[in-house]
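Every chain is named by a letter (A, B, C and D) in the order it is written, and numbering of its residues begins at 1.
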Amino acid sequence: MSTYKELKRACFEANMALPKLNLVVYTFGNVSQADADAGVFAIKPSGIPYEELKAEDMVVVDFENQVVEGKMRPSSDTRTHGFLYQRWKGIGGICHTHSTYAVSWAQALRDIPIFGTTHADHNTRAIPCAPPMADDLIAGDYEYMTGQQILDCFQDKQLSYQEVEMVLIGNHGPFTWGKDAQKAVYNSRVLEEIARMAYLTLQINPDARPLKASLIQKHYDRKHGAGAYYGQESC
Amino acid sequence: MSTYKELKRACFEANMALPKLNLVVYTFGNVSQADADAGVFAIKPSGIPYEELKAEDMVVVDFENQVVEGKMRPSSDTRTHGFLYQRWKGIGGICHTHSTYAVSWAQALRDIPIFGTTHADHNTRAIPCAPPMADDLIAGDYEYMTGQQILDCFQDKQLSYQEVEMVLIGNHGPFTWGKDAQKAVYNSRVLEEIARMAYLTLQINPDARPLKASLIQKHYDRKHGAGAYYGQESC
Amino acid sequence: MSTYKELKRACFEANMALPKLNLVVYTFGNVSQADADAGVFAIKPSGIPYEELKAEDMVVVDFENQVVEGKMRPSSDTRTHGFLYQRWKGIGGICHTHSTYAVSWAQALRDIPIFGTTHADHNTRAIPCAPPMADDLIAGDYEYMTGQQILDCFQDKQLSYQEVEMVLIGNHGPFTWGKDAQKAVYNSRVLEEIARMAYLTLQINPDARPLKASLIQKHYDRKHGAGAYYGQESC
Amino acid sequence: MSTYKELKRACFEANMALPKLNLVVYTFGNVSQADADAGVFAIKPSGIPYEELKAEDMVVVDFENQVVEGKMRPSSDTRTHGFLYQRWKGIGGICHTHSTYAVSWAQALRDIPIFGTTHADHNTRAIPCAPPMADDLIAGDYEYMTGQQILDCFQDKQLSYQEVEMVLIGNHGPFTWGKDAQKAVYNSRVLEEIARMAYLTLQINPDARPLKASLIQKHYDRKHGAGAYYGQESC
């Protein structure tokens, strides 16, 4: 019996949430769940349709990209997941999709401005769009460098991965993360809604401006600040 | 056994209509139902997913924000509900959502113009967008002042809360109300459709104008006027 | 037992198709089915939610607006239906909705240009948008005059109701008709799709032009011309 | 018992996927599956609603448009399918729909630019929009010439049908193909999503540019190149 049964089950369930939340068509997405102590993560196998996916199909990989358990080839984006788990302590899940509105902002090479409290309930900054990487990096270890691309983007824009749990890869699509795979999937769904609302906002008013700093801070703090009062104590 | 069993059931059922009507993702919404004689209202507990919600979870609160019955923390927007019940006699339900199109108009800081009879069947005015409140009020009793913000907006624009049962909070989203919680939810669904149609109307014709006064009045009156002839006598 | 049992059943089934086809929210629509020989039609009762509707609730009315059978008040738009049945020989069903894209074109006061073969498969002309009627007519027998408004529009634009089975009432929404109620509903669904595609076409290319006359005629004729070869012989 | 039972079943199942994937309304689409060795293909009968369709209704036709088996009239677009099977060796399925976003680009007479990796995962070129054909060809053997129109478009733009498995017919809609009918349907679904994302991209940033050549090639090659590493070995 597998040592990673629970890890694989958690990863499987988070993956299965993607089609239910309309965040993927066909196989255009993947979620992983990490076990930081064991230094491994479970991830979706590459190219398998969600309707055929089983918990035991999840592939367990270490942070150096070696398969630890599983018969199938892991997601083609596995290197990006491993790169981020290795560098960002405390994240336990990563989600990548090609969800429609998030991808459209990524293709437009635009950060998503913070226009309202739906966005500020989750973080206080524009959702960053990482610029495409250099040609030689694309030709090299592309998926590993996608992790670097995300890291560089957060450094350039002075963002904290603990606050902003989402990024757009320019001309590609979104990556999100969180304390576990379910939170990463939650962030993907929230990002898609924020992306859709920001798009519509600019269509209605091309001169729309970010909401004011005091309102951003109020909404962020009531959910995440020291005196947070959203949700139940135990949540 | 609870004195408020029926109140909580009505509140619960109205809340459960939100995901069914595609007006919320996750927990981004709340509905309350008031008992004016008892001076209390039942409201959704904060941060509980709709799929886990039960009628007995509803929290009963008085108009001064004291919990009368319930083990959970009420919605973070409870103060706004209480403020409005205290001032607006005759309303028995309030609904708050982050529905996509209504939020987008709120983020654009634009009133929704009255472009057609779908809108005029419900009221005769543009749906108002209340401007963001001052920084010191945001830092203070924010949710209470959100109620004040709505009141001020209706005063500034000389609107009747009995006719116009909906408002947009700038950079945030919609609040709606009515004789009971079900009517408030109905108004949220209607507002979302009006918001979507108005958005599309301006995309098709950026110079679109409100419909003429005689047509607004005709449609409003055939549903709500003295000689109303829409629906059945008993409705 | 009712003489009109079959008429009412056909009317009921056509009405129930509206929510299934996403053409209505709440009660914003109505369908009728006529029996030309008997000089009557069955129509939805006013303001009754679709989920509560029963076949026996349908109201039978003659072309002069007299209720022949039924306990409920017929749709508030009944006069418009009667007007058209009286004047347009051969139509057996009429459908009115507030479907999103068709309403948006109506609110924009724009005819829907003929941009592609999806449109030309059904008729060869822009879908007309009837301008709002004069104030005194609105204040008078409004629903009756809505019928007149449609008739005038078809005369002004030299359209045949036998070819173009759909119209937009400016600032209001669409009416469609056909040989029976099911065909009228079909036309409402097709109109909504044509309206959506035409909207998107103009967003992608604001200088988009109608398709050429030879292609319009080819597609119309292969479905409706003398040598039509679409569908099965018996259809 | 039919020699073509399996061919018809495969064709039927691919057709039934269209409504499930929201690619058709009513009967606006058709799929065929070919047996190259036998020189025949099965195709949907003309004008039959999907909910009534049965596997045994599929019509078997040879590449010269002669019905080999089946009581019904084949799709009105059958000649286009036959034309392509005759000329493009190795394709085993063809799909035609009036899906909303693909049709809108076709009506706008615009190629769909390659804005992101979702597109580059499938081919390396803009999705071509074939210009409308000359009037005399429309009046002649229209559906046969639609095949010629596609061929001419691919020649003019120097495209390979083995790489780019999709085309837009100007003012009409998309045709897609692949190794079998299921792959053709898959391509229709992917095209619809690419068309929707490209539309949104240009709405967000009217100056959006195609992604860079190195990134296009990387994504295409990791799925389709000599060293492809997407999916499982056996896929």
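Basically, a residue touches a chain if its C-beta (ideal position, glycine included) is under 8 Å from a C-beta of that chain, and two chains touch if they have at least 3 such contacts.
The structure presented is a predicted model; accordingly, all values stated were derived computationally and were not measured.
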item	value
Set of chains whose contacts include both chain D and chain A	none
Same-residue or different-residue interface between chain A and chain B, half as cut-off	different
Between chain A and chain C, centroid-to-centroid distance (C-alpha), Å	46
For chain B paired with chain C, centre-to-centre distance based on mean C-alpha positions, whole Å	33
Sites on chain D at which at least two other chains make contact	203
Complex contacts: residues of chain A adjacent to chain D	25-26, 28, 45-48, 72-73, 76, 98, 100-101, 103-110, 132, 135, 138-139, 142, 171-173, 199, 202-203
Contact footprint of chain C on chain B as seen in their complex	115-118, 121, 186, 189-190, 193, 196-198, 200-201, 203-205, 208, 211-212, 214-215, 218, 222, 229-233, 235
